[in-house]
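Naming follows writing order (A, B, C, D, E and F), and every chain is counted from residue 1.
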Amino acid sequence: MIGIALWISFFLVAMAIILNAYRLLVGPSLPDRIIALDTMYVNSIALIILYTIWLSTRVYFEGALLIAMLGFISTVAVCKYLLRGDIIE
Amino acid sequence: MEALYAITTGILTASGIYLTLRGRTFPVVVGLTLLSYAVNLFLFSMGGLTTHGAALVGTTEHYADPLPQALVLTAIVIGFAMTAFAIILAMRSRGDLGSDSVDGNRTDREDPRENKA
Amino acid sequence: MLIKRCLPRPILSSILTMVWIMLSDIITYGSVIMGIILGIAIPLMTQRFWDAQPVVKKPLLLLRFTLRVMLDILVANLEVAWLISRPWRRPRPAFIEYPLTLKRDFSITLLASTISLTPGTISANLRLDGRSLLIHVLDTDDEQAIIDEIYNRYERPLMEIYE
Amino acid sequence: MTLPWIPLLTFLGVFVPALAIRGGRTVCALATAVAPAIALGLVLFFYLGHDGEEVMRTSFQWLPSLGLEVAFRLDGLSLLFLLLILGIGLLIILYTRYYLSEKDSMSRFYAFLILFMTSMVGIVMSDNLLLMWGFWELTSISSFLLISFWSHETTARKGARMAMTVTGAGGLALLAGIMLIGKVTGTYDIGTVLESHDLITASPLYPAIVVLVLLGAFTKSAQFPFHFWLPHAMAAPTPVSAYLHSATMVKAGIFLMLRLHPALSGTELWTVIVTLTGLVTLVYGAWFAFLKTDLKGILAFSTISHLGLITSLLGLGNSQALIAALFHIINHALFKASLFMAAGIVDHETGSRDVRKLGGLYRLMPITTALTCIATISMAGVPPLNGFISKEMFFTEALASQQFGGLSWIVPLLAGLGGLLSVAYSLRLAYATFFRRPRQEPPKTPHEPPWPMRFPIELLVVLCIIVGLVPTLPQTPILEDAVRVTMSGEMPEFHLALWHGINPALLLSMAVIAAGIVLHLLHRHMMRFNRQFRPQDARYIFEAFVQRLVGLCQRLTDRLENGSLQRYMFLLMAVSVLAMALGLADLDTLTGNLGQQPLDPIVAMGAALLIMGGVLTAALHRYRLISLLMLSVVGLVVSLTFARFSAPDLALTQLSVEVVTMILLMLALFFLPQKTPKESGGARVVRDVLIATGFGGAVASLNFAVLTRDLDSISEFFIRQSVPGGGGHNVVNVILVDFRGFDTLGEITVLAIAGLAIFKLLNRLRLFMPATDMEGRLWSDDRHPTLLMVVSQTLLPLALLVSFFIFLRGHNQPGGGFIAGLITAVALILLYMSRGVEWAQQRLDFQFQPIAIAGVALSTFTGLCSWLFGYPFLTSTFDHFHLPLIGDIELASALIFDGGIYLAVVGATLMILANLGKLTTAHRPNKDNP
Amino acid sequence: MAWLDKAWVDTALETLTAFFLIAGALITFISSFGMVHLRDFYLRMHGPAKATTLGVGLILVACMFYFLLIERTFHIQLLLVTIFLLITAPISAHLLAKVALHQKLPSDISTTGAPSELREEDVGQEPDTPHPEDPGSGQRHSP
Amino acid sequence: MQHLPIFPVLLPLLVAIILLRKREGADPVRRTISITATALLVAIAFWLVSQVADGETLVYRLGNWQAPYGIVLVADRLSAMMVLLTALLALGSVIHASGGEDNQGSNFHGLFHLQLMGINGAFLTGDLFNLFVFFEVLLLASYALLMHGGGKARVQSGLHYVVLNLAGSSLFLIALGVLYGSIGTLNMADMAERVSQLPADRQGLVRAGALLLLVVFGLKAAILPLYFWLPRAYSSAPAPIAALFAIMTKVGIYAIFRVFTLIFGEQAGGLAHLAQPWLWWGGLATLGMATLAVLSARDLRMQISYFMLISIGTLLCGLGMEGTASRGAMLFYMLHTTLINGGLFLLADMIADQRGKVGTRIVRSKKFKYATLLSALYMIGAVSSAGLPPLSGALAKAWLMSTATLSEGLWLWPLLLLSGLAGVVAASRAGSTIFWRHGNGDPAGERLSRGKLVGTVVLLSAAPLLVILAGPIGGYTQATAEQITDTVQYRSAVLGNVTSDTSGASVDAD
């Protein structure tokens, strides 16, 4: 049961990422692209967790944590860039 | 899978190389970064592509080759240091030479028509 | 005094200890002790980076508030998911100017985050003077209702907790 | 043996003038003369004292692998030249004392002169070809210094350069010749080489050897067509001309031909080249000597002509000719040195060397006139002086020559022509300078020079007379010895005399003298005749040649090194593609023996994302921010790929590095143009795409080829040893901090250096700061969004906690100091982003450089600690401790090492980012938040 | 914890895992889908701001159940990720909205209310330095 | 002393740590520390040379791990000689720098020592990846030092240098990857061992990796199509750094020498000597181009850079030639050219100081003080570089020429001799213009810094010293060449009794 659910989830999450990629690709505005990227980060957390379930290993938990943290920071950086130009002023 | 992996590495490498051949500092630095990603992927795969084999002793039967991983780790760090230096140098070069052309001889003025693009 | 100096932020310290235990993924004496050590050490190290300390006046209310928000998040998400996945019905979005009564940055942040996480609203911009919040609503007819709901559901508890 | 003392003494003499100049000019001159005088004494002492030995030799090993020895020999030939070099050298020293003006640095001149003398002594005494070559080139260098002594004059500089270039080039040809001789004979030892005549002449390399060696000799001895440097070397002070260009340096070429005569001569090739060159030079030099108006110019061309005479004698090659040549060497040195010195006196006294301006000096300077005339007569080959004797011997040989078969008449013809001309220019020299009525007053009123200045001339002239009148007396044994060496031992009969009875040579001499006088009378017509040819000054030709060559080279280098990075990059890539392609072409099949793993859709998606990201990064590079976002996608997916293929550590590292890189690139992008103008033409783009595709294709092929072959690697060891040997379960981390800890030490050093370097780069950087974003919007005035501020300070403790956690578990689980350091750094950077540099800087009251360095230091000292226990650097240790309540704790030295990494990463990253942020802080107006 | 060993626990856990997995993935997918098909940026923003958070959160919960199932241990570590996301997601959304407003991205025609940010008047900071790529204006250096 | 081989790496690192604790300019204390440390490095290098002179190969196993697994430092005659050469060059440079150049920016001495660390590490390491790491250390340090003091020309040429070398680093990694992926080890001795038993289907891969490695090293060493960046970069670098850069190209040469004699030596079967023809023709082409280029120089520093290129071409030819004899000569030539070129760069800086605005451009200038002294030094350097007797260049060139076989000599001799001639022409033009073509009037120019002078003299004194001591030094280089050819000795020293076979494959690729 879990196996089937897992593969369905894999498929859905992968589709989600591809949709993100589509948004990233077409824009049209920069914020659109950024939000697509940000969502892609979050969705890759989901992907990694699914992978973790698939492999039954815990080694990627920190990966998920780090993506959550770093994805945020990178989004903040881009936003700051668009708002102020200078990220660290 | 191997074929796809190799093709991907190749395309990434090609993109990186193409960028490094541009005439402005920023694309060149981006290209070098991209190239270093590609090279890391390449180097990483030299130990083979292993699923479920994280090199943590006691967690699995067959391990991925840990040595290329260690090498790639070192390469990532060094690549980061180099990228950082290169991009700051690009800034310095713009500050000193007034242009971000890699050869320092062109103007920064964009074609007015292109501003709309 | 000593306690105050060593534990400038008891809540933060306890949160950190808890987080450490969560990180360690296992509750042993070792992890607890380590968590406590870190819970004391890290606030001391980072103290200088904190602005004025938010003082929690009613911890119980905070707990209740938190639970309510959690629930709202769940509902909100389902609602949004429902909205999004209905291409046949166009949502009626709106920008709403929400007047703030909260003063402290920390509580404003909490409010704004809460708004963003809960049904169909996103706090889009905090005005520079800190007096009002621009909110984007996904689907609404009645703007005042939303303002009232936010005020009653979130802002007033926060006022009570922190200010 | 004591032979090396002779060159050594003269060499030590180089330093004497500088020391002695304090005592005054006379003392300096005398002191300078000491070393050559002693050396001369030694030469005579050795030579007269040697008992029966043909050749005295000494040798020490120097560089045996090269076959280079410090080897000197003293034989008849050396002796002859040594006497000339040292003897005339002494006279020149004396003459110079009075010649140089107060302004000129006497010590420098003497030093150069003695240096030159040393190298000449070295040439003639060397018993090793390479050693000889060394001295040979040294004469070029020292003559360069001497000719350019008056370096403020353009002619001196140019003349010196030309002399240096031509003789230097000849020297290099000589070296090649010597190398070939070495290849043929297997040695550079002159003694051995001289005995290998048959071996050398039989070798197929023989023509090359002859040509190369003769190139050396001809350039040095100013043989046509390499003669042109000599007249321009006349820009040198006269003592230099007298010494170098009459007696010594130009004779070095002659010496070389003599020295190698036993080994190289006796073939048709040798005879033809040497004789003909000599004869042509003889006539050519004489003709121009006749036409020149500059005193020294006349003498220079006359020297060329006489050298041609000697050379042609060497070409004829029989023993009588050799005797004549040797004899003429002596004679030429005697009269030409005195003539040069006399010319110097005239120049010195009148201020002019132009014969058109001179005249009538005999009244004012009778003694000089007399001396000059005697020397001139000798030069003209008029009896009863020494010049006549050697010239008559030359005529004799010329008339007797049979080497050219049916064309042999050409030899006496040219010889006669040369003789005729030499009579003419000699006459003209003497007449125009001393006897003709002056056309104009000379710049200075001349009078007789001081006696010591004249003394060298007197001495030489007296020698001319003595040699002429009593030719058999002093020089016979010397000549005998010299000839014996040159003829490899066989001793011909010879007899030097003024009067051999009436014979063809005598008749030729008489005819030549008569014709010479006639020609002199026709001088004006000859000048007119000459004027119809375009004046071809060799100097201009040479200069123009060099200029053109330089210009050509400049154009070539400018074209190649056009300062275009794109081109250099292209070349690098092209060469790399070639390298990889060559290897790949060597592969039988690309696919190896290993089956491929099945493709799963997630991997396919990742690959698709990567490809999209990569291609778009490249394709959209003109929109830099978008390109950057695409790069970010690549970074993210790469890290997911690492996770997918069992490399959690890599995934974590890649992720954190990627984010930091993004931040960094964006920080920098602010100061750079936001868009790249379109400037690459279509062709360029096509070219770049092609090379990039080629490169990518090669990389992909290599990757595929490796992936489909099994690998027998050393990794098994690491997995086996990780726990027992390294004390950690995370093999990657154990490799990093233990097995290959040295790499890691280097890696954090790199990081620290990057921090330092970037600090250096940012120093006093001036930058453009855009006031609007790329679409012309003004910046938002919300500098530090409140929400962000609050969240960032909430996140900081959490991030620190996480980084500490990741650091601690690194040895056993994915993580480690590097990732932990990056997390800490990123958290702090978030603080910087949300609160601004000023705010953060106030609260972070430590500097980052010391932290980074402390990190490197910590790792290094951890490594050093193993020395205390007698283990090599970086040997790790670990142990398990049991603590009450807490349980088992493992402490590894690698953890401290990792701590160093952590510190270095934090320090370096912040050094990079925070310093970059600081760039603008102070200068941005701060309206809303004062 | 003996009750954990019962068979029905396994079944329950399995079911829970599967449920949360699908629910999470579905929400994730829907929010990304919304990001593609919604009409303006402000609308598109809603999905990632919360739906994704929840979706990932649910998957994390599924993961916790899964490990409870196979290892009989409770990995609270994963909760941390969720907490992190909860803290950060609204802030990202907020900042993005700020950017969008700053860039005056047009909102959908049906949107009621017009915030001052989207009106035409100038709200930005006065230029202290001219834009270097702005032809005709002089360039100034920061010393 | 068992730790001796690591001293040349650790000493600079420790000194750098001490010097970099705080960010400050150069003060007397720092200078003293820096110079003393460099002198100490010279002493250590001498010690190292004396230890290995009898043919012993010192192996230092870092972390006490046996050879193919851990990283080893290997000090044989070649490594020791290179370390000594570096130390000597560094001594001259650092003394010169203490004459004032070090104050033009921050952290000069610290970075200088880090660069020394990188260079020494590259010379000593026996591990290919570690070589990469040390390459990066020395490169990054060199980037930093190249920018020392700033200035447009430096930034401009520095950018090219940096970008090319970054690309080069990527190529290096690709090459390393291919080699590891097909050979399965990183230790060079072990690689040599394994290459000899390489299955046929891997040959192409190894060849590709090896050739790519050659390209990378060629970029560092500045072989013909890859050298165009060098003249500008080196001529714009601060003098002491330019001087130190003289060894940087030699690191490339060294790496080529080491890798392609050890790994792809006799034992390598089909891959034996695979770089030889490339080196030979590349070297000749470099030599030829540099010969033309040296004539084109409009600036003294450029000219010195081209002298350096000539020497690189010569060295590459030396590597490309067959037989060991040429290698002894080539190493001797390397000693000569490194020191002299370094000295010339230092000298050019002193000349620039004196001439003021004109700098080192080869044009007429004002009269300046110390022209005699400086011209004498220039004479020494130029004569030596051009390869004229009696200084070291002539000896080295003659030796190299004499080792060529006839068919090689046919190419090498004319080029080498012409390069010498071009050197003579160029140097005499430059020298006579710079020192002699000047206006009248009182000589101008600042006081000569004693540090700069001493540093320059230290390096240029190599010209006569190498000649005087040619016997022993030449003997050493000859012995080095013989030792290098005998790879069995190196391999057994490094690997001991360990067979290179590891038990079982560790990589699962299914």
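Following the convention adopted for this analysis, contacts are C-beta pairs under 8 Å (C-beta built on N, C-alpha and C of every residue); 3 or more make two chains touch, one makes a residue touch a chain.
The chain lineup, named per UniProt: A = Na(+)/H(+) antiporter subunit F; B = Na(+)/H(+) antiporter subunit C1; C = Na(+)/H(+) antiporter subunit E1; D = Na(+)/H(+) antiporter subunit A; E = Na(+)/H(+) antiporter subunit G; F = Na(+)/H(+) antiporter subunit D.
Just so you know, these numbers come straight off a predicted model, no measurement behind them.
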Inquiry  = Counting one step per pair of touching chains, how far is chain F from chain B at the shortest?
reply    = 1
Which of A-B and B-D has more C-beta pairs touching across its chains = B-D
Task = Determine the chain that sits nearest the middle of the structure, using the mean of its CA atoms as its centre.
result = F
Distance-maximising chain from chain C - centres being C-alpha averages = D
Message = Among all chains, whose Cα centre is located farthest from the one for chain A?
response = D
Query = In whole angstrom, what separates the CA-based centres of chain C and chain E?
reply = 15
Ask   = Whole-Å distance, chain A centre to chain D centre, using C-alpha means?
value = 61
Whole-Å separation of chain centres (CA-atom averages), chain B against chain C = 39
Ask   = How far is the middle of chain D from the middle of chain E, if each middle is the mean of its Cα atoms, in Å?
value = 67
Ask   = In chain A, which residues are in touch with two or more of the other chains?
value = 10-11, 17, 30, 34, 58-59, 61, 65, 69, 76, 80, 82-83
Inquiry  = Two or more other chains touching the same residue: where does that happen in chain F?
reply    = 129, 133, 136, 140, 143-144, 147, 150, 156, 159-160, 163, 167, 174, 177-178, 180-181, 186, 506-507, 509
Query = Which residue numbers or ranges of chain D touch two or more of the other chains?
reply = 563, 565, 569, 573, 597, 644, 648, 669, 673, 675, 698-699, 702, 706-707, 711, 713-715, 718-719, 739-740, 743, 747, 750, 753-754, 757, 761, 766-770, 776, 779-782, 785, 787-788, 791, 795, 798, 802, 813-814, 916, 920, 924
Ask   = In their shared complex, at which residues does chain F touch chain B?
value = 129, 133, 136, 140, 143-144, 147, 150-152, 155-156, 158-160, 162-163, 166-167, 169-170, 173-174, 176-178, 180-181, 186, 506-509
Residues on chain E engaged by chain D in the complex (per definition of touch) = 84, 87-88, 90-91, 94-95, 98, 102-104, 122-134, 139-143
Note = Listed in rising order, chain E residues that touch chain A in their complex are 14-15, 17-19, 21-22, 24-26, 28-29, 31-33, 35-36, 41, 44-45, 47-48, 52-53, 55-56, 59-60, 62-63, 66-67, 70, 75, 77-78, 80-81, 84-85, 88-89, 91-92, 95-96, 98-100, 102-103, 105
Request  = Note which residues of chain C are touching chain E in the complex, please.
outcome  = 19, 21-23, 25-26, 73-74, 76-78, 80-81, 84-85, 87, 90-97, 112-118, 120, 122-126, 134, 136, 138, 143
Note = Residue positions on chain E within touch of chain C in the complex are 26-27, 30-31, 33-34, 37-40, 42-43, 45-47, 49-51, 53-55, 73, 75-77, 79-80, 86-87, 89-91, 93-94, 97-98, 100-101, 107-108, 110-115, 117-118
